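Same chain, two partners: chain A is paired with chain B first, then with chain C.
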Partner chain A sequence: MSAVAVAAATTAGPRVKRGWKIWVGGALLGILALFMLVGPLISGYDPNATDLEARFAGPSAQHWLGTDDLGRDLFTRMAVGGRMTMLIALGAVALASAIAIPLGLLTGYLGGWVDLAVMRVVDLFFAIPTLLVAIGIVGLFGPSFSTTLLALGLAFWPFYARLVRSAVVGVRDLAYTDAARVIGAGPWRIIRKEIVPALLPLLIVQTTVLLGFAVLDEAGLGFLGLGVQPPDPSWGALLAQSRGFVLSHPWIGVIAGVPILLVVLGINIMADVLRDRLDPQGAST
Partner chain B sequence: MTEPLLSIERVSHEFGARRALLPGRRTHLAVDDVSLSVAAGESLALVGESGSGKTTLGRVVAKLLTPTGGTVRVDGRDVGGLSGRELLAYRRTVQMIFQNTQHAFNPRRKIRDILADPYEIHGLPAPGGRDAALGELLERVGLHASMLDRYPHQFSGGQRQRIGIARALSLGPRLIVADEPVSALDVSVQAQVLNLFARLRRELGLSLLFISHDLRAVYFLCERIAVLYQGRLVEVAPRERLLEHPLHPYSRRLIAAVPGLGERDSAEVSAADAPAAAPDAGESTAAAVAGAEPVTGVGCHYASRCPLHLQLGRPERCLTERPALRAAAGGSAVACHFAGDEPPAPVRSVVSEEVG
Partner chain C sequence: MSKRQFRVLAAGLVAAVVLAACGGGSTDDPAAGDGGDDGGQSAGPLRMLGVEPTQGFDPATAFADASRVPMAMIYETLTERDGDGEIVGALAESWEISEDGTVYTFTLRDGIAFSDGSPITAADVVFSFERAKDGEALSGQLGTLTSVEAVDDTTVRFTLAGPMSTFPALVGRPANAAILSEAAVTADPDYFTMPTVTSGPWSLSEYTPKSQMTFTANEHYFRPPGIATIQVSFNNDPTANAAALESGSADVASVAYSDAERLKAEGTLQIIQSDQLAPLFWGWDRTKAPFDNKDVRQAVAWAVDREGKQEACWFGTGGVTYGNILRPWDAAYEEINTYRADSREDALAEAASLLDEAGWVEPDGGGTRVADGVDGVEDGTPLAFEVPYEGNWPAAECHVQLLQQNLQEVGIEVTPRKYDPAAYWGDVGNGLFTMYHGGAGAADSMDLYTNWFASGGSLTALTTHLADPEIDAKVTEAQQVDEATSIELIKELEQWQADELPMLVVGYQWPQVGMTQRVQNYKPGVDADSYTLVDATLSE
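Our next item is the complex of A and B:
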């Protein structure tokens, strides 16, 4: 009897855990997405409309999350800023993927001097912290929405390219790519049919992880005043703005910070779930 | 003699040769000046211990590797510079079967997709529809058409090797390079797969380059046997000739090390020889892998462990002149200065001396 119970418990264990993860992660991201998409519509405020009568109003029926130093509705600004942040994060990850995946496939498959040259460039990027690279690029073009996107994209690709490359090297030398060559498959067919499908789980998981980093780094850049510029809201910009009142009105900082935490948490939980589902080998080792 | 289907002419392959310009790079000469030929419909075995270069030679023939020296000809035509359409035509002539059945198939693709590859790449005709063609292909190797929608991991090792054979056969090749096709399989399954090879050879008139260290499998399947030692061809002879009258001292050791084959000569010899040969093989493998023993290219590379060399009083010639392959009695060819000149009996005494 007890043996049966133990067996049942051990088989049920991981499943319960996984279910927990997908629900929490899904709920977090779902609620936040809903907040960003329909938040400004239901609040009825313009994110940039000032109301000097209602400066630093605490959370209330009129202003659900209160107002800032110019009386702007924080609920609306957070929702609109969230859109901005997510657009930047998605754009940056898309840009990084667009550079890193083809480059990683190419260097990993071809090897030789192409590999050597590209990987030395990657090493160069590795020597500098990601955020510093991004700051440099912002410094070059001036802070704006598109620069932030560009800066983060360019800062992320080296890490991603190396990851893809090493994964390709692992698959390239397996016997089944030899078998494909003997059958007469050319390099493109081998990459398409044999290598990319093997990488797909890794790519999905890594893209998700990177999205979390992008949200964080957008906030970082914004906090330094190098992200989206006022009056446009973004989570990073709102965080930067809240710094000025952290002693007098600390709740503004909390309101600006907590959604960042929740989004990154949600994304990371989902990345975990994806890894468990798509890449069982990677999860166990 | 008519023109052979495959002829390997003075082929060498050196790993790391292209990088050798940089200082400190170690190169490894895996195949050293080997010449062989396979006639149409013939089955030639490449035998030798691990590290002897037999797999490398097979990969050169299958054009997975470009040799650093020499030429491979099929139907008298140099296949070195083939590309595009001509390379595809070559693929249709020469196919390969792999040792490791676990990794020879993409685990994410169904058998149907894997077997459809040759049809897609080469635009092979499938008169009764592709499904029928794929099903027929599976039946030909003793599997069922209903298995097409399974994944590779749903098959046993023997079944996967049959699928490997089916994949190679789909292109209608005239020569198949089989790289240790049965050595990863259970003994009971080995026999089935070997029987399949024999049947297909009979039915399709295939030529076979059969790479193996299993002399019994080789004896069962191949008409001629070529023995490689550390990248060099030491002896090539018809099957019976090699197993009953091996000339090269290394071939003798190799054959004596197989219980049941060595017995043919004398039971006591194989019993005495086997323990001597086994550690020797292991040792030289390690040496070949580590590159501890420099192959200088001067003299005979087997001289340092050769019982005949010892018995003849370490003649200078073995150390200074590389033995060329020369014809011997019974259709053999042997790369040894002295083998075949002496009566075989004293060699045994030397070997048993060494053991004792």
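Our next item is the complex of A and C:
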């Protein structure tokens, strides 16, 4: 076998894996997105409408995923609940990014007392588990859609800010940023034109990974009764609701839990794919 | 992940599971006792799941069952209700009532003592009732008590301003009418933090906030309890109780209605239900719109689906009422069907008509009703409000969600609000809620009307906030006349509450109690007392 052939074989492996991941991850997320967007339209049910004659009905032609203790259509509630969960997750990640990225850039680039002060605050958050921070914030403001979003956003930013800051520290003294400084570029321009583009792959991957965590933590808060409040559905709230019937009607818990698993799996696969594409050196083998 | 990494992870998981399993089995053996048998008692411990006594152990101030139930285990009263609800002597052996019904003379049992062995005397009874008269829990009902005096060491005389046929029941009110040790209470300013010298069947031997409390049988109690040690672990999550019973980590716990049905069918546990008078109700703020208007209250009474909620949220247990509070087997029961309609459509039409009359009208195109000429309310204000419920009560969560759907059908917008159980009843008492969900117990019909609707009643102060001289007079009269007349007066009160709706009672629940097969001779009592628990034993 020639040297050229060996080289071709070693590059073919990751390509095959990436293709597989894109298809699986994309299909999972695509199907779930479709389910959330059009599910309630095709089912024709109001997610909160009760039908006491149809309580605990198993999956059937009328109710594709069955019904809950109040006869509400689980397919519709899962679809609407998925919207809630994803909106919270996206909002929380957006909020965390909006706080963490500027702070990380600033502290990493400026260093000195700004870095010291902000990183001590970050350390303070690090001393407490993320979910506990979120529970504390929900406890302070009361459980609701917006509080859950706020709580997760505020709980996630410290970790993200430290990551960005570390990356900036690694980039700010590289030759090309020094060169920009030498030709007279100001801090703002250096951050915007030199540092942020270098960080983009990291930011994209990290944001995607964080989205998976946000879905899980929303489910965690909802399961503890601290997320979206009944009768509005969210995946976490539906999982919590199913707990009361886990021994008598176990399929409700399965139906509530499987989409969480699938969406987090889909997000993680896509994060892997993005990492492989944007940072080929660190690609998984 | 490489194969090697996968193997390491799998091995780690297996090891963790094995270690967890070993750890779980190495602690207390559920069947193991804590020592030898003592006077025919089961050594125990009996492991119960319950709620924390958030209002403490002071009988003068605590009115929530969370505190009253453990207090009833450590404090005894002069009288009590037996398993059938009849008033019998507890610390009092007998009592006499004067001809005019104003003087009650109680004779204490011979040789009764507090848990430290010091004798229970008439002076302790006097001390306890003088203290209770000044406390929040019983001050209203003891309002007619003009004097309490010790005739001798074992005789105590109560003099009332007027006759009160329910006085023997009142001095047996579990926990709140407790007989305290004057010496112990006056000697320790922090006595009620951890009361140790007590008159009840058990003593509180350990209390760890947020965790558990342990009770040890009082060897000086006149009716020795069948179980020497009772351990109550605090658990605010009733959905976990069934699993705890099934796994053998608890012996007695109330179980969710959905679990009760399943467990009954399986037959591995004992499932018993208490048919105590425990009405389920909607409370409301009648001092301001919309519920200051009787038409609105009646509209809600028409719109709620009573059969549906009982089936869905209480799994068909308990009962439904369409006007009554009392149960069909109560002596003063006379069926009231004020809010029963031939069909759901008819009921909703009645509700809509009443709301129209009250000035809450449907906007063009339907949707939430808005004010149109309602006193004190700006025109166009939507008929919308939050309805809080106790966050640790799954049936309440179900009930509020059904209410939301029911009232939506007549244009009322309800937002369910899960509420912190520890703050819930305090905030109900503070009048923070427009409408709220509730459930409470009463020993009998007289206890119900005295406590819930007459001035000075503990639930009157908490929920209905009534101070109606006519109702007070009728309740008082019902306590002073012969039984037949008293029943007629209570029937009148039943009709009055159905019409006026100071609260909307929609049914009653029968708590479902699950027990392992170890527990013998136990049945839930008719009130918060521990009378029936004293008879319980544990098989080894």
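By definition in this document, the second predicted complex is superposed on the first by the 270 of 285 C-alpha atoms of A that agree within 3 Å, B and C clash if a C-alpha of one lies under 4 Å from a C-alpha of the other, contacts with A are read in each partner's own complex, and residues count from 1 in each chain.
In this section, a residue touches a chain if its C-beta (ideal position, glycine included) is under 8 Å from a C-beta of that chain, and two chains touch if they have at least 3 such contacts.
Since we're looking at a predicted model, the values are computed, not measured.
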{"item": "When chain B and chain C are modelled together on chain A, clash or fit", "value": "fit"}
{"item": "Which of chain B and chain C A:Phe245 touches, first, second, both or neither", "value": "second"}
{"item": "First (chain B), second (chain C), both or neither touched by A:Pro143", "value": "second"}
{"item": "First (chain B), second (chain C), both or neither touched by A:Pro231", "value": "second"}
{"item": "Touched partner set for A:Gln62, first chain B, second chain C, both or neither", "value": "neither"}
{"item": "Touching partner for A:Pro197 - first (chain B), second (chain C), both, neither", "value": "first"}
{"item": "Touched partner set for A:Ala175, first chain B, second chain C, both or neither", "value": "first"}
{"item": "First, second, both or neither for A:Ala49, with chain B first and chain C second", "value": "second"}
{"item": "Smallest separation of CA atoms, chain C relative to chain B, angstrom", "value": "31"}
{"item": "Doubly contacted chain A residues - partners chain C and chain B", "value": "none"}
{"item": "Parts of chain C lying in touch with chain A, wherever the complex brings them together", "value": "239, 242-243, 256, 258-259, 261-262, 305, 308, 311-312, 391, 394, 397-398, 400-402, 404-405, 416-418"}
{"item": "Complex interface listing, chain A residues touching chain B", "value": "174-176, 178-185, 189, 193-194, 197-198"}
{"item": "Of all residues in chain A, those that touch chain C in their complex", "value": "48-50, 52, 55, 69-71, 143, 225, 229-231, 243-245, 247-248"}
{"item": "Parts of chain B lying in touch with chain A, wherever the complex brings them together", "value": "62-64, 87-88, 91-92, 95-96, 98, 100, 103-106, 108-109, 117-118, 121-122, 164, 167-168, 171"}
